[in-house]
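Only one structure is covered here, and it is reproduced in the block below.
Chain nomenclature is as follows: A, B, C and D, assigned in order of appearance, with residue numbering initiated at 1 for each chain independently.
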Amino acid sequence: MPILSWNRYGKSRIRVVKVRRGPGLHNLVDLTIDVQLEGAFDAVYVDGDNTPCVATDTMKNTVYAMARTDPIDHVETFACRLADHFVGKPAVSRARISAVEHRWDRLSVAGGPHPHAFAQPGGEQWTAVITRDGKGTDIVSGLTNLVVLKTTDSAFSGFPRDEYTTLPVADDRIREALVETFAKHMSRSLQETLYAMGEAALAACADATEITLTMPNRHHLLVDLEPFGLDNPKEVFVATDQPFGLMEATIRRLPT
Amino acid sequence: MPILSWNRYGKSRIRVVKVRRGPGLHNLVDLTIDVQLEGAFDAVYVDGDNTPCVATDTMKNTVYAMARTDPIDHVETFACRLADHFVGKPAVSRARISAVEHRWDRLSVAGGPHPHAFAQPGGEQWTAVITRDGKGTDIVSGLTNLVVLKTTDSAFSGFPRDEYTTLPVADDRIREALVETFAKHMSRSLQETLYAMGEAALAACADATEITLTMPNRHHLLVDLEPFGLDNPKEVFVATDQPFGLMEATIRRLPT
Amino acid sequence: MPILSWNRYGKSRIRVVKVRRGPGLHNLVDLTIDVQLEGAFDAVYVDGDNTPCVATDTMKNTVYAMARTDPIDHVETFACRLADHFVGKPAVSRARISAVEHRWDRLSVAGGPHPHAFAQPGGEQWTAVITRDGKGTDIVSGLTNLVVLKTTDSAFSGFPRDEYTTLPVADDRIREALVETFAKHMSRSLQETLYAMGEAALAACADATEITLTMPNRHHLLVDLEPFGLDNPKEVFVATDQPFGLMEATIRRLPT
Amino acid sequence: MPILSWNRYGKSRIRVVKVRRGPGLHNLVDLTIDVQLEGAFDAVYVDGDNTPCVATDTMKNTVYAMARTDPIDHVETFACRLADHFVGKPAVSRARISAVEHRWDRLSVAGGPHPHAFAQPGGEQWTAVITRDGKGTDIVSGLTNLVVLKTTDSAFSGFPRDEYTTLPVADDRIREALVETFAKHMSRSLQETLYAMGEAALAACADATEITLTMPNRHHLLVDLEPFGLDNPKEVFVATDQPFGLMEATIRRLPT
């Protein structure tokens, strides 16, 4: 007879939009939330006994109800509140809440900000993963889908996509440190650029303990135009999707 | 014996990136090009006679070679040059070039523009379709994937995605007219907003003869929080992907 | 003052699954439906007068209600019934119903068919577009996403994706004719193969008046292994996604 | 000064198609391969010293060259050979090769198998992840994107997608055990079904030590047709994509 050596369950991709209707301006938060629980659920699997099991439909309802009562000023704070709620249920020993924030930019009309109209900028998204168990709470904030390009000063021109680990409040400072270092760094390899970016990000945010960068390198191949009697002084490129290089590393602050 | 009543062939998704290396700043154009030809190609299909057939590999090479010799200041002008080239080949009676422009924003470093580093903003893309045959040249410029949202002043809150028909030079003016009208219009239906947006776009660009708008309406459903003892004063919504409403119309300037 | 020269609206991507619970076996139909209407809707756009406007939410409800009362033995028959319903509404002059059928294969258990368990095979999908107006009803049946490959007997090894025009009942015969011709045809070009496939499909189905084939040709490039001291006798290939060749043609039965 | 606490790099999505041209039949293997290396690469990141660094372009070339010399009868064996090769390089301490196999079914023509024409069935894909380091080799075989459905006998009708851990040779036996158990099991929860499926898979394959199942549960909601004067005896459903339930567990054979 085999044993159940690990299990986890939950509700994924709960789409919640919250409008805060202030007297002058409206504000908008647009999130996709995943809830995942671990705990004493073996009987659900082995004996078909659903008693300890929080229904995944209840998880969804909880997210919507808490979205009403929480201001959602910070996604990490909202996710922590959700984690606290679920970890307080019988049988649950660990709750993992992950959130992706979809950005909306306020529209400008006649040079001024419009009170209630927005456009979706695309591009990078903020992510947060909160894990809560008996040992405490772990917060990982991230930035995904940031696509950058340099036309010189790099041994490997690169399209990194970054994800990092930090506290919520320093988001803009860290993005700026990453992007500025990417722009200015005279690179001998994408790996060297990655390390310099991580170092700069840690310097910019004293509260972060470590940062993990995942940088896919989408290749641009110089087209051979000689058969057509033309030179190509690093001017015309084929953009390719696959294969791509992939560099990953964690840079950690030394304990002082 | 059946007849071949229509045919067209070509090369799709040619990915070309051009870097213009000026003395101070580098500039970047990033395009996906499709080439499609019609003409006297019946023998290729019916008799297996490839004599009249421009190879699709040659189409790809032509795009890269012309990307070297053309400055690509305007995508429409570059696409017209390609169409002229192909329509001049024996057997070809009509050439259709379609282009999608992927945007790159110059990075700011220490408050100033960086000479050669860029980030991809995501969001809306510019499109152009040029058709050239014996009767002349048809230019359709477009804007796709513009996602907008209003939190009030609409009977149907909407997420339109717009595409319009105009001359190339007025791109920014038209986007502004569309977005401002969306923001300011007190809507009794998405259809009414669509018409007002088209009217404003034609007013903003005297050279455009007509505009076609395709507006998917992605629904946001108010969550019923009563079972949890909470009200929901238009504050918490489920964002849904499907089904969605779809409104399409062409608005045309009356001949004067 | 501009004029509204064309308009159309509707509900897209209505996802409906119907289970027919027979005494022995259950049967399953899984569809995605789009409804689009044209007619006397100008006042909706120009004057904000919604009186003639069938709500898109009503369209969705209609699809679900008719899915209850119709056996959906043939997707085309069900779509015709929907088109008839909408074209009977005031203001509506043309209704267009398009449907995509997602296949489910009955599972075999212990060598026999299982009464109520299914697996989704992926691969090709059946499509149908029904257009109904004052002049009559137009039926276009199609097959999309059929991906085939030949390792020899072709000047251009190809990955066609086919879509054709015919009456519903002959689906399997036509798929067989297309696929057999693809397999057996000694090709001098993908265009020649396309024509032979269309000819065979018309021969296989006496009721079809014409067939349109759209065949993307996804290239497989022979890898140059000489730098590594290896030959490559048409054995190892890079599969590429873009660019790809694209061949399109309509083959029509001559009136007798 | 921060430290580099972990790093890994490689080439992702290498697309390789191999044709084995036997005297009678041709055979086809279609793979997407990722190569990832760990080892003494700190100097590459910190000092910009690329000496120890196997270029990612070399990784790609190696995959193509080995695809020529290896028969690729089993994907796992081919991946092990690649892992052995890379782990033998200076500085490399661990190599991770992951492979996805894209299926092709031989076409039948006139009732018999065609020697060199194939169609792509879609649906489930086989995966393999081989990790090789000083401690030995770890083999994880998987099956992804298997979509199944039951119209009765389940408290939660479900669409599981399965992935499991086993030795390569038993693929078909394990798929059969999973699918048969899914079809026959009288479920009180998807969790109970998951456990029964894992138990059956371990029973079917004596060499597997454990199996991990990841089962998304895509909900089908019964449509309320009462407002339209219709009943709905579990017949008409809305298929939804999100949110979805997600059940995950590892079932392990007890040591004997």
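Convention: a contact is a pair of C-beta atoms (placed from the backbone, for glycine too) under 8 Å apart; a residue touches a chain by one contact, two chains touch by 3 or more.
The model shown is predicted, which means the values in this text are computed figures rather than measured ones.
Q: Count the C-beta contact pairs for B-D and for A-D, then tell me which is higher.
A: More contacting C-beta pairs are found at A-D.
Q: Do subunit C and subunit D face each other with the same patch, meaning over half of the contact numbers show up on both, or with different patches?
A: Mostly same residues: over half of the interface numbers shared.
Q: After a C-alpha superposition of subunit A on subunit B, what does the rotation angle come to, in degrees rounded to the nearest 5?
A: 180
Q: Report, in whole Å, the distance between the mean C-alpha point of subunit C and the mean C-alpha point of subunit D.
A: The answer is 29 Å.
Q: Determine the centre-to-centre distance between subunit B and subunit D, using the mean Cα coordinates as centres, and give it in whole Å.
A: From the centre of subunit B to the centre of subunit D is 37 Å.
Q: At what distance in angstrom does the C-alpha mean of subunit D lie from that of subunit A?
A: Distance between chain centres: 25 Å.
Q: Could you tell me which residues belong to subunit B and also touch two or more other chains?
A: Correct list: 15, 241-242.
Q: Inside the complex, what are the residues of subunit A that reach subunit C?
A: My answer: residues 241-242.
Q: Flag every residue of subunit B that touches subunit C in the complex, lowest number first.
A: Residues 1-15, 34, 36, 41, 44-48, 50, 53, 56, 60, 187-189, 191-192, 194-195, 198-199, 202, 210, 212, 216-217, 241-254.
Q: In their complex, what parts of subunit A are in touch with subunit B?
A: These residues of subunit A touch subunit B: 15-21, 26, 28, 30, 61, 64-65, 67-69, 104, 107, 109-110, 114, 116-124, 145-153, 179-180, 182-184, 220, 223, 225, 227-228, 230-240.
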